[in-house]
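Chain lettering (A, B, C and D) follows the sequence in which the chains are written, and residue indices restart at 1 in each chain.
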Amino acid sequence: MKVSRRDLLIGSAGVTAGIIFTPVPWKLLGDVSIWTQNFSWIPQLPRGPVEVKQSACTLCANGCGVRVRMAAGCPVGVAGVSGHPVSKGTLCPLTFAAHQLNWHPRRLREVRHRGRPASWSDAQAAFAKACGEGQVAIFDAQPERAASSVFAAFIQKHNGCYRPVLGPESQALAPYASWSGVPVNALGYDLENTRTIVSFGAPLLDGWGTPGRFTRLWSDRAAGASDPQLRLIQMESSFSRTAALAWRRVAVREGSDAALAAGVARVLLEEGLVAAQAPMPVLPLAEAAAQTGLSVEEIRSLVRTMVEKRPVLAIAAEESPSVAALNVLLGAVGTPGGIVAKKNHVPARVPAEAPKTSPRAVLIDASVPWEFDPQTDAEIFRFAAWDGGGGKADWLLPAPGFLEYLTDVPAPPTSGVDTYAIAVNLAASPPEIKSAAQFLQKIDSSMPEVDQLIRAHCEEIFHSHQGAVYGEQPLPVSTIESAQKIEEQLRKGAVWVGNPSRPGNLRCVLKDWPAERTLPRPTNWAAAWPVPVLPPIATKLYQESNLREAPAGRQA
Amino acid sequence: MSDLLLIDRRWIARGAARSSTLRFALWLAPWIFLLLLGIYAAGLCLYYGLNQTNMDNRFAFGMWIFLDLAIIAMGAGAFFTGFLVYILKQKDLKPVLNSAVVVGLTCYSGAVAVLMVDVGQPLRAWFTFWYPNTHSMLTEVTFCISCYLLVLILEYIPVVLRNRQLRKVPSFLVFEHQFHKLVPVLAGVGTFLSFFHQGSLGGLYGVLRGRPFAYRAGFAIWPSTFFLFLLSAIAVGPSFLMLVTATAEKVTGRQLVQPGVYRKLGFISGVLLAVYVAAKAVDTLVWLNITSPSVGFGPRDFYSYWPLSSTFLFAAIVPLGLLPAILLIAPVTARKRGWLLCGATLACCGVLLNRFVFTIQTLALPTLAFDEFLSYIPSWQEVATFGAVIAYGVIVYSLSYRYLPLFEEGKGAGQHVSLG
Amino acid sequence: MSARYGMVIDLDRCTGCGACMVACAAENNVPPAPPSATPRTGLTPMLVHKVSNGLEGSAQREVFIPVTCMQCERETPCVGVCPQQAVEVDKATGIVMQIPQRCLGCRYCMTACPYHARYFNWWDPKWPEGMEKTLNPGVSTRMRGVVEKCNLCHARLHGAMEKAAAAGKKEIDPTDYVPACVEACPTGAIVFGNLADRNDPASRAADSPDAFRLLARLGTEPKIHYKSRQAWVRALAERGTSRSSEAKHV
Amino acid sequence: MRRTILVFAFGFVVALIAGWVAFPRALYSRHAQPLNFFHKTHGEKSGLASCDSCHTFGNNGEFSGIPRSEVCVGCHADKLGSSKAEAILVDTYIKAGQEPPWLVYSQQPANVWFSHAVHTRRAGLNCVDCHGSYGESDQTRLYEKNRISGYSRDIWGHSISRLRRAPHDGMKMNDCESCHRRRHVEVGCLGCHQ
């Protein structure tokens, strides 16, 4: 029989009718919708056992405690450790996404020599050669660590010099160090006991020191109160976050801090508002007023409000001898609520002397901010976990990233007491990754191992019988039976906190009022962040909201 | 005319005079280009996502929604004429009925097509039917519009089947004849459905408690905008139909309907417009003096931003509301075709403005104390996509006019000669 | 259990550091912004606004206002409008829930929300290669073309529920359920808790004379409260009443 | 006229056959598990009577799912017997410290949060209530994957029509809902979605 066009039409009509009574159209409709709910090009969630670990953040020197959520052996969340003695359960905004940094596109995963891929053995050979030929300088932004001791041991064996790189907070403490002989790392601020803080542009509420410490203090004792327990007086030209939230804001001219300090000192001395004896600044009050852009009367009334509630503490944004001198005048050095020596016996583990000759090679530790420039024509061995771009290092050596290596965490620069913590390598680092200390051990096997040094320091703590270890609950060291126990605790994320320092173990005497000098102020909010890149979701802060300026030179 | 010039003669109704195939093709060409461009733009939006548009979290609804609301209002002529002819037995409007159906069909199908591009996940749009939220005005809109679109297609079928070639198929002829008995029923259903979705399109905005500029008190579950949108839609539907027919006459150079039909459409449009303007004025007063002050918003929160100032409100009511109403009703102007069409144009503009105010100004205005007044410019993809809808409408209407008996030309053939 | 979870945000304590925003994004697998994103196309379930009192010199004041989903209790604007039940107010917790997998992306809810607390996924979510290993396993990623918002870190509630169930308890331990932004706030400006419980610190804070809610007169009973001792800040609650300051900082 | 009906019916039947028989086969792709596993043997011979002797809970209630190979090592440090599966397990996975890439039949998508702890410890359900008697199976069946949605066939269930199904056939949202309805347990969307 012959199939006509009509048959085809009717047949297909039958098929269409039939399909309606099969699962085909309905199941397809459903499955396609499910497909849109699980697009294959959208990342799958990690599956695997979830656990929570405690450690310390090592991205900068401020040693905040972090609670890390791990899934399938990889950090998937970072949070503060509530009640942490150093960071008070708080972190800086960026650390909440720090676990993303290890996968940042700018992550260094291979040795590079002048931009070209190279091997570790090449780098070691080159460095060993340099050591043989001349002096080496090692730059380290987080001194007092076990790794720092490795550096020290190395430069003591092979002639060289160790150069700590000070952050703005430490620089602000430098004058007291030079006047008292106590090293900078042993100095700190006793914020908890002060009543009035006079900040010369220090970003106290925007990432100064250990972020949690002052912000918590401020929110508990000052926030929003008309007459707060803790008075924050901010001297600043720009309307910064801190200025916006301070109890009083004094708008002074850019870079006139020294003049203002001198003016204040003059008023204090003339009106006999202070007991301490100190030299009168040479700068006349009218001149100081002119420089700061305030009237003489404004300065006078400012000074009176300043000393209403004592103790008073002046904090500079960076190195400023005049502000330091002001503290001496205010009697805020070596007293409660002032500048204190956090260590009663200062081991001064690492001699930081200037280079005798210009070095043949320079090793820059990963802790040093990317922007740091050693100002040398020597061969530069730069350790870094992330490539900040434009670095003029000869050797770019891939260092372990966030939570990828074992290190100890000494007391933060601004801390008023001595502390010690350990950050273990929670996450597996990619292959081809070495820390500076491991690098030096490869070159000279007689160098001490980091974990040995950490053990040694735990022994030290154990024998000192001082302070307490803050784990689940604080344990006085005297009640802990062995150094191993202490180390175990610290490796689990606990912190050792030493006894508060004896007042009077820090003395500064001024012969004459220090010379003027003005330094540029760190302008960018993330300038203090030593990592050259930002977690990708930091775009929330400066691209998807108008909350902050985009940080210069740092890519998310 | 020789067959060379009129290749598609076989398809054209006997006695209907049509321009040569070439001229017709030339007329279609630009519209087809516009259509293809729009399809490409829509493709971009579907493939890369809506980041191709200039909409954002604050302007979540943009030009598309505005124009969808507008053309759906214009399309109201379809159901309303059907209502007048079959329910109210206004037989003298029958000549424009088929044309009205085509206009409605293009408006609605075009709007639905754009909506499918506008939603982020078109492949899941059917969830609305499977998991409907009966409290949502949008559910009401979705159901009614899709059902009414079906009705329009059914109403269009008999028109198509009256094509010269298709009539030759006996079963089609039978079907068409039988089906015709159903058309009044369809008109009734269509009226019911349109009544609801035209209204709920207004309800869409009237229920926005969080947007005091749009929020309106109302009756039962329906805010006042429900009734205002319905009223404005049926008021402007006939006007738009007049404009389309007039344009068709201009383009073809033939008289397609009797002048009386215009006057009747105009009168109906005008009366309804007058009622609408009155209602709108009352609603505005209630809203500005009672509804919005009660939630802490005043006229200054709505009208203190250039350019969307109170002049917009005035324009919507007087020059684009009252004036056209008068032009369409007053015998003096209604007798003159020019004034009539001018009135119809103003009426359409008025509704256009009203829909613009509700869709765009509502979103542009700040709600929080620390908000700002926002602006938004559609991207070329948005414009092109909508251009395609216009082109689609023109093409479908042109084809229908050429091959289907949209107007009862057979009867009026004599006049063509006399009018030249 | 029928809790009513909410927050009280002390604006005097907020330093605008943005930790809450970053912590929120990390917890909820919010992708980084594509280069062309703007404050108006971004995904910021928690968004901090910077508001000035518009005055000059020493009188100048600034306040930072974290805005997230207000979890409206009554007449919830976004719930009624969703055509396919992708949004609901949970009976047991009072949390306004948004289900991206149900959403068709019509964005009607976004026009309905007076707080602009709902966000549309204009792009497919993308992370740098390998970074998907750092995603929170408890929160599914959203696809392009759907709306998302703050679900009060619902994954953490799941965790607390599972923990309670494992211990054979019916009620969760409140300390197990703390949203990421609350946990992250360095000044403890955000108090989170069950507003239905009179003894809960949050509900007590909400009763303080300094407490207020944004656009409370809309009558949607938002469960996110604010608090400030400064009168001009409290005046920001209602648009109508704050026009004097609003005029300056618009 | 009769011819018309016949032709129509023919097309109709063709469509029915295609839709009910060919389509389900075409929709799912079949995958073998890495090795044959016999629940039955483990239940009877090795005296691992209860499920939770291998499928364990963490102390916060997190469910282990398919046990990791360190659990197997307990007994399978060396080959027990000479079966092929045993050889694969010990040589390819345990010795190499690899996890067998099991295909999980009841794998829910990423947007679903299902807590075994809540359902077993609090609601007191038994494993078999949802998983059926798979615990007594003496062979490892093929894993069927939906080519479009990527879901395991067990989610939709093996009856394509979902009519007259075995009690444990299917783990769709409807199945969760119906059980919840039966037990009068009301949860919001995010009670089970994440």
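Details
To be clear about the criterion, contacts are C-beta pairs under 8 Å (C-beta built on N, C-alpha and C of every residue); 3 or more make two chains touch, one makes a residue touch a chain.
Given the structure is predicted, the values throughout are model-derived calculations rather than measurements.
In this assembly, B is the chain whose CA centroid lies farthest from the centroid of chain A. Counting C-beta pairs in contact across A-B and across A-D shows that the higher total falls to A-D.
Inter-chain centre distance (chain A to chain B, centres taken as mean C-alpha positions): 63 Å. Distance between chain centres (mean CA atoms), chain A to chain D: 49 Å.
Inter-chain centre distance (chain B to chain C, centres taken as mean C-alpha positions): 40 Å. Averaging C-alpha coordinates per chain places the centre of chain B 53 Å away from that of chain D.
With touch defined as above, residues shared between interfaces to two or more other chains in chain C number as follows: 38, 41-42, 101-102, 124, 139-141, 143-144. Residue positions 32, 35-38, 44-45, 50 of chain A each touch two or more of the other chains. Listed for chain D are residues 58, 62, 109-111, each touching two or more other chains. A complete list of chain pairs in contact reads A-B, A-C, A-D, B-C, C-D.
Against chain B, in their complex, chain A makes its touches with residues 29, 32-33, 35-37. Contacts from chain B toward chain C in the complex involve residues 49-51, 55-61, 118-122, 124-125, 127-128, 130-133, 135-139, 142, 204, 207-212, 293-298, 300-301, 362-363, 366-374. Chain A makes touch with chain C in their complex at residues 36-39, 41-48, 50, 69, 71-72, 74-80, 90-94, 96-97, 99-100, 102-105, 205-207, 211-212, 215-216, 218-219, 223-226, 239, 241, 244-245, 249, 251, 535-541, 543-548, 556. Here chain C touches chain A in the complex through residues 10, 12-13, 15-19, 21-23, 25-27, 29-33, 37-39, 41-44, 47-48, 50, 57-58, 60-62, 64, 101, 124-125, 127-137, 139-141, 143-144, 180, 183-184, 186-189, 228-230, going by the rule given at the top.
The residues of chain C lying in touch with chain D in their complex are 88, 90-93, 95, 97, 99-102, 138-141, 151, 154-155, 158-159, 161-163, 165-168, 170.
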